[in-house]
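Consider the two complexes below, in which chain A is the common component and chain B and chain C are the respective partners.
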Partner chain A sequence: MTETTNLSGKRLNIDADINDGIVVAQVDGRVDTTTSVEFEAGIQALFAPEHRQVVLDFRGVDYVSSAGLRAVLLLARAAEEANCKMKIAGMNSDVRSIFEVTGFQKVVPVFDDVATALNAGS
Partner chain B sequence: MNLSLAEKLILLVINEATGKLDVPDRLALNVALGGAVLLDLSLRNRIDTDRNRLWVVDNTPTGNSALDTILAMIDKEDVDLSIQNWVYIAYKEATDVRNRILAGLVRKKIVRPEVKKFLWFFNFQRFRPQNAEIERETKRRIMDVLFDNKVPLAEDVALVALCDAANLFPALLSNRQLESSAPRIQQVARMELITQSVCAVIGEVYTAMSRASFY
Partner chain C sequence: MQVVEHLELSADAQALACGLSRLNDLAEKLSSLFELPGTWTYATQLVLEEVFTNIVHYGQVGPADPIIVDVRVEDGFLEVLICDRGISFNPFADTPEPDRTSGVDERPVGGLGVFLVKELVHSYVYERVGSQNKLTLRMAIDS
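And then the complex of A and B:
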């Protein structure tokens, strides 16, 4: 079963495809102070017991600030508590570099693309 | 009680027995205090940062005078400066920030001020913690981050990173704990861009001081 959820905001858009317990959430826009609450709420809603894996497709994310990183941290903790594996795929080089500088790729597994993230198993 | 990071940092260095601020590295603590204020503003969604700059997103006062003084300074600046610039500016305000924080802790009845005399005419102010539970809870949260592999909360990340920058861990942990938690401290400390800048500023100030003493 595939279901699409749209959690649109002004500067951030989240579209989630749910298939057999695996969620791929396409995130578009900026993740900063103005959107981090919406980002957190939108993704956290996907951490349901029946969803064992949530892959955030970050191809459409052009910017992540400190507030955005904190939102990712909070989501990583929420995923851990919900026993759900959260991964991030397809970050652009700027976003990837902020993850590398802060070591966030050790908190949330990061992949080049969604297919690789899905193949990496749950 | 919900305390700011700067308040927690000060509480961690108050020696319960003497009431003195037991600071292993005063310069590092002062820079870390400046960083703590910026982190508090960031956690309260008043400012945001990226690798290149720091800017105000909401100039509404927080009600904490130490934080609001720095918030007003950032808000007044026409151009966005780097985090490192602001850590340095906040460090220059560290004495004022520390005094405001201590006054706030006294007002909240978390510490009690005492005046000690030395040689009949020198007065020294001391601060006696009145609520050991707050300090214990702060230390417990730090220990949880260091010795529990759970993903840490943002505020706990900031506190661990500040303690590391201010070189407080040798006083907070046993040698064995220090050794076993070193990789975790390193991992957590780099998660905050502001504390990365705090460490850079501490290094720069020490370098400048050693150059000045050389010439």
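And then the complex of A and C:
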């Protein structure tokens, strides 16, 4: 759906599946200084009143820096304004530890996998 | 002390992606050289990205002055020395502790980069020497 390339040759890819008001966005690649703006824009485009839930599937995200955390915070605010519930699922242990040490699980609900995130209600 | 790597990176914001790419490659090369796990590579890339982007965005380094990164090995540690000729700035003393507890509405944007560096390195030292900022970061490699 949205694709961007940074100069290190590593890509950030967002592929959204929308079904009955539920969006599952598969994110692959790195969310760093060079890709965070495109990440934010790509996800924000999915926020709409008819989308009750937007679950970010982070299984394919192997790196998030503070620029990525900044984008996540801005997205969490935008989701609230759009009346969408944003969740993140499937983070690898390295990315998850960055979320935990910065207390970001209080900014956005984090789940082990997409199914658990979806079952946690809207 | 053995110098294992020496990089000179442009402080021009237009060249940020290129500099980051070289730093990412550096972390991967060191990880491979010392047979370190992926978690170490992630942490090292994160530390280098945060420090480098801070200097590029806020350091006011002149266009002709490179940011110099030297990597040395000593006593089971990797020592990364990062020098720039920007304005005098000690990131470890001049930045407030970030809010890590509030929710989405109250959470201020930003301020996490330096915090993450402090969390991920074994030790850090800042010195202003003449017209240079010198950051010395130590990372364990004997894991």
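The rule is simple: the second predicted complex is superposed on the first by the 112 of 122 C-alpha atoms of A that agree within 3 Å, B and C clash if a C-alpha of one lies under 4 Å from a C-alpha of the other, contacts with A are read in each partner's own complex, and residues count from 1 in each chain.
What we mean here is this: a residue touches a chain if its C-beta (ideal position, glycine included) is under 8 Å from a C-beta of that chain, and two chains touch if they have at least 3 such contacts.
The structure presented is a predicted model; accordingly, all values stated were derived computationally and were not measured.
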Superposition on chain A - do chain B and chain C clash or fit: clash
Chain B versus chain C as contact partner of A:Leu73, first or second or both or neither: both
First, second, both or neither for A:Thr33, with chain B first and chain C second: both
Touching partner for A:Lys106 - first (chain B), second (chain C), both, neither: both
Identified clashing stretch of chain B versus chain C [113-121, 131-139, 167-175 or 185-193]: 185-193
Overlap of chain C and chain B interfaces on chain A (superposed complexes): 32-34, 63, 65-67, 69-70, 73-74, 76-77, 80, 98, 101-103, 106-107
Contacting residues of chain A [partner chain C, same complex]: 6-9, 32-34, 62-63, 65-67, 69-70, 73-74, 76-77, 80, 93-94, 98, 101-103, 106-108
Residues on chain C engaged by chain A in the complex (per definition of touch): 16-18, 20-21, 24-25, 38-39, 42-43, 45-46, 49-50, 53, 98-105, 107, 109-110, 112-113, 115-116, 119
Residue numbers on chain A that touch chain B, as the complex places them: 32-34, 63-67, 69-70, 73-74, 76-77, 80, 97-98, 101-104, 106-107
Of all residues in chain B, those that touch chain A in their complex: 42-43, 45, 48-51, 57-58, 150-154, 157, 187, 190-194, 196
